[in-house]
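Each in structure tokens, the structures are laid out below.
You will see two complexes here that share chain A, one where it goes with chain B and one where it goes with chain C.
Moving on, here comes the complex of A and B:
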């Protein structure tokens, strides 16, 4: 556990980091970034809280099993999304321009970026985001659990 | 309807089914171990079935392409892309599907073998998920027709393999081996990525066929070629880049060692694909051919002489794997060196056939030998040959499987090693008699080394009184590979007609490969 200043800062920053991470995931098809980058940002939020509060406390808040479950859910939703297009071809983006969710057509010319477009891409970004936050979260947790064992205090 | 669906989509499904199974394995493993075993083995059987369908399709209708996300799946070049194949493509010719057959078969045997062999271990969900990912990596490497995609599957393969090598921590020894393998393959993968970057910058394409057709063979291309070929030669374990092989193969669990053989051969496939298809039309065949021949000769000879002095059963077999890789490099290297000359039809093509036939034979018998070594270690608990002895008294099936594997690797008829080695000797003799003589000497040394293993592990008085035969699932894994050893040994013509000869002609025909992707071909 670190000083009170650090803990307070972490408390304030944690929700902002999560929001920023999910923003990157959700806007993956419009702006630089995407599922992996957003998931990594979210995992840094986990790392921030974990470092400032110490592993002993954090392991009650964030369970490793939940993170591995997030990993499995992300991977499965990614491959299921890929499988839905198998009627035409694997990974076929049948949702784009279909009028359904994320199915709007993009008008020609410069535009501010429409979120409700690109079909399967945002869904796959979301799946990758969930997977990466789970995977990197588990990595951070395991590394911290090893650090705890060698802690002097 | 169903048949058509499977036939058209089999290239994608071969990747998708084990990938889906890998992601779903941890979920099932939370509830029931037995269901997880059934799930993994079922997924592998289904993958093998898909590979057989693809084998039939490619043999009957020629090279298949599958473009991910395209409408329809067979459209390589979208009409609005300016003539560049932009999507990820799987180009499956006879050589690719031949390698896919090896990967799927060895993977199936490894998965069945693991069920009993790893029963007492913790973290099995992750083990099986990684096994399936490793198989995905191998299958993807051999099926893909896209350079960057090749790199991605190479990485999947390397990372999954490295994690699996360290599965049994073994007082840190396995972890050290895995770390070495991971570092070496990460450096190799970065070199490949750099080379792909060079090619992409030059030719605006990642598609192998497109790069091959636009190949100018400038200095930059030569740099890229050297980076790719050296890395792939390292990954397939040829001397002087073999240093990860004895550690990696030797310290992995039994089933993983067998699958690492197939994984190395996927890299070997990459090496041949780059030599023939991507750079083959522009580069000098003589230079590339002699590069492979010299690598092959050194690997053969140094590998077997290093193996003779080992007394760790798996380390010894690992050095033999290096040595046997030399035969494949020699055979295909002679084919490449004579490619385009009249000598190619006289003996070069036969040498290529021998080298390619040796790939499948080696995967089967070396896989079997690693599985028997795993079985011995499973029962005895040590891999030191000096501490073993008398196992034939109590492990009779394992002994029989070991004898079959050992005779096959030494090239004794009627097993499959004889069939391919004879083809290599005969054709290489016409190229240069000295090479064939060295190959035969290596074969004799191999026999000597395996006689030693057989004698010290299985012969003699009964040292371990309470050793029993291994469980049935381990025997079943070995039996699958033995079946192919005997089948290809007694009917080599079967394998040559349906598998090897189409594969060799596909490899020697880069124009056909390119025109199939870029249009104009059948």
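Moving on, here comes the complex of A and C:
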């Protein structure tokens, strides 16, 4: 556990970092960045809270099994979303321009960018974001537990 | 145009200075913070070279996660570099 100044600024910065990460993931098909970058930003927020509060408190809030489960769920939903277009080909983007969810047609010419377009790409960005969040978060959590174990000795 | 070139020269000089400092420091915590500053300047340089995608990845992983992992490793071992 670090000093009170570090804990207070971590409390203020943590929701902002999380919101920015989810913004990057959700706008992956419109703006720079995507699933990997957004997941890395969210894992940075997890690392900030984990370092400033120490392993004794943080292991009640963030469980390593939950992060591993998030990794598995992200990879599974990615491969399932890829297999739904198997009627035409692997990774076929059958959802684009279909009128369903994320299925609007992109208008011609310059536009501000519409979120409800691009078919399977936002779903795959979300899956990759969840997977990278789990993977990098579990790296930080295992490093923290190893540091705690060597500190006791 | 001359303004962009000036900023790029400043960024590259800062990259060289932070890389040199991260080697020369005896305080390993200062080395980790210097490497974080190196990654931040490198992400700014990527942004100046019109690659915002790589810049976000570099800022998230280079300046955020690896600095955190270095600080954790220093907390578990010694802070000062010793002669062996």
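Simple rule for what comes next: the second predicted complex is superposed on the first by the 149 of 153 C-alpha atoms of A that agree within 3 Å, B and C clash if a C-alpha of one lies under 4 Å from a C-alpha of the other, contacts with A are read in each partner's own complex, and residues count from 1 in each chain.
The working rule: a residue touches a chain if its C-beta (ideal position, glycine included) is under 8 Å from a C-beta of that chain, and two chains touch if they have at least 3 such contacts.
This structure is a prediction, so every number in the text was calculated from the model and none was measured.
J.: Classify the contacts of A:47 with the two partner chains as first (chain B alone), second (chain C alone), both, or neither.
T.: second
J.: Using the touch definition from the top, say if A:115 reaches chain B (first), chain C (second), both or neither.
T.: Neither chain B nor chain C is touched by A:115.
J.: For A:83, is the partner it touches chain B (first), chain C (second), both, or none of the two (neither)?
T.: In the superposition, A:83 contacts chain B only.
J.: Tell me the contact category for A:36 with respect to chain B and chain C: first, second, both or neither.
T.: second
J.: On the A-aligned overlay, A:72 touches which partner chain: chain B = first, chain C = second, or both, or neither?
T.: It touches chain B, and chain C stays clear.
J.: Which chain, chain B or chain C, is in touch with more residues of chain A?
T.: More residues of chain A are touched by C.
J.: State whether A:93 touches chain B only (first), chain C only (second), both chains, or neither.
T.: A:93 sits against chain B, while chain C stays out of touch.
J.: List the residues on chain A that touch chain B in their complex, please.
T.: So the residues of chain A in touch with chain B come to 68, 72, 75-76, 79-80, 82-83, 85-86, 88-93.
J.: Report the residues of chain C in contact with chain A in the complex, numbered from low to high.
T.: 52-53, 55-57, 60-61, 64-65, 68-69, 71-73, 75-77
J.: If we count contacts the way the header does, which residues on chain B are in touch with chain A in the complex?
T.: Result: residues 9, 12-13, 16, 19-20, 23-24, 26-27, 66-73, 88 of chain B touch chain A.
J.: Could you pull out which chain A residues touch chain C in their complex?
T.: Per the stated touch rule, the residues are 24, 32-34, 36-37, 40-41, 43-44, 47-48, 50-51, 136, 139-140, 143-144, 146-147, 150-151.
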